[in-house]
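After this come two complexes, each holding chain A, first together with chain B and then together with chain C.
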Partner chain A sequence: MKNKFNVKKNQNLSYLIFGAVLCTLPLWIELGVLKNSYLTLIGSVLIYSVAAIGLNLLLGWSGLISLGTAGFMGLGAYIAAYVTVNLKLPFEVSLLLGLAIPLVIGVLVGLISLRIEGLYLAIATLSVSEILRKSFEELGWFTNGFSGKSAVYPKLLGFITLDKYTTYILLVFFLIAVMILVNNLINGQMGRALNAMRGSEAAAQAMGVNLLKYRLVAFALATSLAALSGVLYMSFIKYTYPATWTLGMSLNILAVIIIGGVRNLYGTVLGAFVVFAMPDLFLKQIPYFGTMPGFAYIVNGILIILVILFYPRGLIYIGNDFKKLWGKLKARVAR
Partner chain B sequence: MSVNLHLNENSVLKLEGLSISFGGLKAVDDLSFEIKEREIFGLIGPNGAGKTTAFNCITQFYKPNHGKIYFRDKHGNVTNLTEHPVHEIIKLGLVRTFQNVELIRELSILDNVLIGAHIDFKSSWIAQGFKTKKARAEEAALRKEAIEVLEFLKIADRMNLLAGGQPYGILKKVEMARTLMCHPKLIILDEPAAGLNDQETIDLANVIRTIRDRYDCAVLLVEHDMRLVMDVCDKICAINFGKFLAVGTPKEIQLNKEVQAAYLGVKEENHE
Partner chain C sequence: MSTFLQLVLRSLETGSIYALAALGIIIIYRTSNITHFAQGAMGMFNTFVVTYLFTSAKMPLWMAILGGVTTALISGFLVDFIIIRHTKKVAPISKQIITLGLIMIFVGVAPFLFGVDPLNLPAILPNGAVSIGGASISYNGIFNISFGLVLMGILFYILQKTKWGLAIRTTASNEATARLMGVPTKTVTMVAWAIAGALGVLAGVMTAPFTSVNLNLMDGVQLNALIACVLGGFQTFYGPVLGAYIIGIVKNLLVYYVSSVWGEQLLYVGILIFIVFRPYGLIGKKIIKKV
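This part shows the complex of A and B:
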């Protein structure tokens, strides 16, 4: 119990503090320290982090590749919009349905496709994602087709109408809740089983891990986190069209965990920041190149190569090197 | 209860006419033997004799083409292992190690051992996700048990280190610790002495004996190190080309003509 209030020992406490820090962002904007546009930017980083944590569970911990993240994110987003705007049901129902329907579809897809592995699984999930994207284009009654679908800020419990700031706080709440839940799961029986599955299928089976069951669990978790990310996207951005949910988005989410940190939750958030916020924050300031279309993709590509070369476990471990450097400097000064 | 009749009162495992072939190759051909409770049983044979294949059949990694494998589980019920999927075998009290250590490099030694307790977790995933009091107590109890197992094998001082990068002898012990978490009735060791030096091999013999005494279980091992096999085994079964050669005490096996022929070759007969 002594460790309960030690941030270094108690990960969950550190997530809570992280969440509290994130919650102060509206304050900085109101004080005029930060630009107004930063709210949308950081908010989107939080949204994509949720989906990326799901993919990290799948790719990082279980060793399964999926390229279908975008499809399930889009599905969550469209369901959220349809339920709140067309059916006029409360936010809570849209959240529930936005998670449940993709989850059911994800489990069905998993039951069929998880018998194959590696690249073939990537291809199977990619085609599912493309089927979903095509459906978004064609099912006009549900998605409003190419012209896109809009929504409004959520209304909690039927009477608390949120605005831009409070919706942002809602995003922080969901991200931190997801981080804590996932952290608890991966440090317990499920995490060890997923790790075992990735490390040695034979050992996992010999220790009583039902491979299909745990693959399915990892896939279902990844799918529902992608869908949750979509629901949050719709609540915060309030507008979507089919071209958002392409392979490019799935690859961006993949880039998030490769750049940020495989099997690391803070790394995932850092990766989401690098991939989704860096282009607007810094790259656009660069003269000439900044305005070039696709410049962010080029930078991401170079970053992935650099990270794999120098930080194969993710950019989050750059901190260790700074610590080492600091230690060396201190030693030199002391001498 | 008719299946109970297939296994003698004091036996834990019995193979009856086990056969498996890959294409045209009969890897294990009509193999039968029986292991008594608390017995240390060695399975020997030259390279490619089908020892590991026999292990994989017993633990259901391979489904044998023919034959029955009777096993007396933790509750004393006799069951035919071929009717169970591979991940259910450990629940019956049968657990194995691997020829090339199969551990998770990115996890600590303690977490690796806790994988062996996978089937002992009773609390739901929701309880684990929210870390309810019950789930925490369960994790703590199993963690304590894992530490005790590591202490028993004298590697508890390394428990928080990652498995990747540990010396081979330690990894072998970690794998053995992992098998002990399920309170097995029978442990199957696939070449436990491979890659160990002389001193480590001598230690290993003692470890195997103390495991048998402390956990009250039988041990079935495949091994090429004949000193270890002759030293530690109560009974040995020799096979060659998947076929049964002989079974008996270490002394009997050493003197068996067929076993000698299989290992050392047959002297050319001098035809007149």
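This part shows the complex of A and C:
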């Protein structure tokens, strides 16, 4: 029982503490320590982390590659906007619908995934995403077409109207909830089944893992997390247009996982920070190159390739490796 | 009838663009075992080079295109030499993601070198049209269709009849065995990347007159070429080419006769249903995995 309050042993506790630390951000901004724009920046990092954790479940743990994240994020965002703005229903309903509809499509894609593998699956999910994006452009009554759709900050339980800071707290809440949920899932029976599936499908099947069930669950979870991230996007950024949800967005989410760390939740958040916040925080400060159009894109591209070639486990393990190196150095000095 | 003929002719033109891009993707896939997601981005980049040589350096168009093909060959060569060659030990999924990183680099470098404003590139044969059976097609359209067919004919001749083609086919079927047999697989892979680059820029130059030369020039081509590969199957060189023409024709027919808004989506849904029933494409065979 002593372990219950040991942060290193108790993952859930560590996520809660992480969440509490994130929640202090508005405080720092009010105190004037950090710039106001950082709130939007870190908020979007949290939003993209949710989608990336979903994709990590699929790519990292189940070994199924999907290029359709952006389509499902967009679907979630548009449903949220349509339900709250056009139908004037509460935020909770938009959350439910925004998760349920993409979930159904995700299950359908999961069914297709039973028949096809590897890059065929990647391209199949890419075309699903493309179908969704084209539909966003055409369904004017639903998405307001090219001119884009706006929304308002959510109103919880019908009477608590959120502002910028409290919406940010809501984002933190959802991210931590997702992290705890996914952490518990992957450390349970499901995680083991997914690991076995990734290693060898035939062996997993022989050991009695139900491929249909776990593939569907993995796809359903990944798509609904992507959609959740879309719903959060809509309540925090409050504006979207079809060109946001292209292949480029799916690639960015993929980059998040590869750079941060495959099969690591903190790694995913770190990756989201590197991909989505670093360009604005640091790269723009660099003289000459900072103002160059597309510089962030180049850095991310090079980073992906370097990480894959030289650091395939992801940047999150850099701390451990430094510790090991430090230990070795100390041992050498002691001798 | 003449509208139908017109549609088919127009589709053959877009079909040859898709076919050139798809051929590049399949050559890379067969020799390096990588799905080349950056085919479009590299084509876009080198089309920018062509446009730059044409508008800013005032070269004649054919010379600009030759210049673009040269940079395409060089960029393909460099990508293999600097990156792909060192990925022997990298996991298969990560290999695909490397090309995603390449997209980011090419899309990022292009505005740095050529500015953010979209540019214009004229067609190779700017005016004139002929009428075939009531359907009119521009000289440029005829040129694109026949150029695509001739180029692919030459490539298939090289693949099937020459020693180099044999080397490429052996590398494609089994890289380790090919190396043991004395095939210089490293050079073969490098040549494959260079050829894919050249095919990409040619597809880009053909696409450019329909729109402006911008960062998203090749997005549609890339997507349709990938889907063509899925439709035709990744096991043969000619499957994707066939798939590309089918997609070109079916897309235009659906857009014209069924719905101008939903035609393209219908095509993608149809292809999704198709792979559920034939997961290895039109020509592909089922790969039997050993456990």
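One rule holds for everything that comes next: the second predicted complex is superposed on the first by the 323 of 335 C-alpha atoms of A that agree within 3 Å, B and C clash if a C-alpha of one lies under 4 Å from a C-alpha of the other, contacts with A are read in each partner's own complex, and residues count from 1 in each chain.
Definition applied: a residue touches a chain if its C-beta (ideal position, glycine included) is under 8 Å from a C-beta of that chain, and two chains touch if they have at least 3 such contacts.
These numbers were taken from a predicted model, which means no experiment stands behind them.
Participant: Following superposition onto chain A, is the placement of chain B relative to chain C best described as a clash or a fit?
Facilitator: In the arrangement built by aligning on chain A, the partners chain C and chain B fit side by side.
Participant: Go through the superposed model and pick first if A:A255 touches only chain B, second if only chain C, both, or neither.
Facilitator: A:A255: touches chain C, not chain B.
Participant: With both structures fitted on chain A, tell me whether chain B or chain C touches more of chain A's residues.
Facilitator: C
Participant: Look at A:I308 in the shared chain and tell me whether it touches chain B only, chain C only, both, or neither; answer first, second, both or neither.
Facilitator: Only chain C; A:I308 stays clear of chain B.
Participant: Could you tell me if A:E130 is touching chain B, chain C, both of them or neither one (first, second, both, neither)?
Facilitator: Only chain C is touched by A:E130; chain B is not.
Participant: Which partner does A:I176 reach: the first (chain B), the second (chain C), both, or neither?
Facilitator: A:I176: touches no partner chain.
Participant: A:N210 contacts which: chain B (first), chain C (second), both, neither?
Facilitator: First partner only, chain B.
Participant: Is A:A122 touching the first partner chain B, the second partner chain C, both, or neither of them?
Facilitator: Touch partner of A:A122: chain C, not chain B.
Participant: For A:S200 in the superposed arrangement: first (chain B), second (chain C), both or neither?
Facilitator: Both partners, chain B and chain C.
Participant: Give the angle at the C-alpha centre of chain A formed by the C-alpha centres of chain B and chain C in the superposed arrangement, rounded to the nearest 10 degrees.
Facilitator: So the angle at the centre of chain A is 80 degrees.
Participant: To be precise, I mean the smallest distance between any C-alpha of chain B and any C-alpha of chain C in the superposed model; what is it in Å?
Facilitator: 9
Participant: Output the chain A positions appearing in both contact lists, the one against chain B and the one against chain C.
Facilitator: Common interface on chain A, chain B vs chain C: 200, 202-203.
Participant: Would you mind writing out the residues of chain A in touch with chain B in their complex?
Facilitator: 181, 184-185, 188-190, 192-193, 195-196, 198-200, 202-211, 217, 263
Participant: If you look only at chain C, which of its residues touch chain A in the complex?
Facilitator: 35, 83, 86-87, 90-94, 96-98, 100-105, 107-112, 116, 219, 223, 226-227, 229-230, 234, 261-262, 264-265, 268-269, 271-272, 275-276, 279, 289, 291
Participant: Residues of chain B touching chain A in their complex?
Facilitator: 59, 61, 85-91, 95-96, 98, 102-107, 111, 114-116, 118-119, 121, 125, 128-131, 135, 139, 178, 182
Participant: Using the touch definition from the top, list the residues of chain A that touch chain C in their complex.
Facilitator: For this pair, the touching residues of chain A are 59, 63, 65, 112, 115-120, 122-124, 126-128, 130-131, 134-135, 138, 200, 202-203, 246-247, 251, 254-255, 258, 292-305, 308-309, 312.
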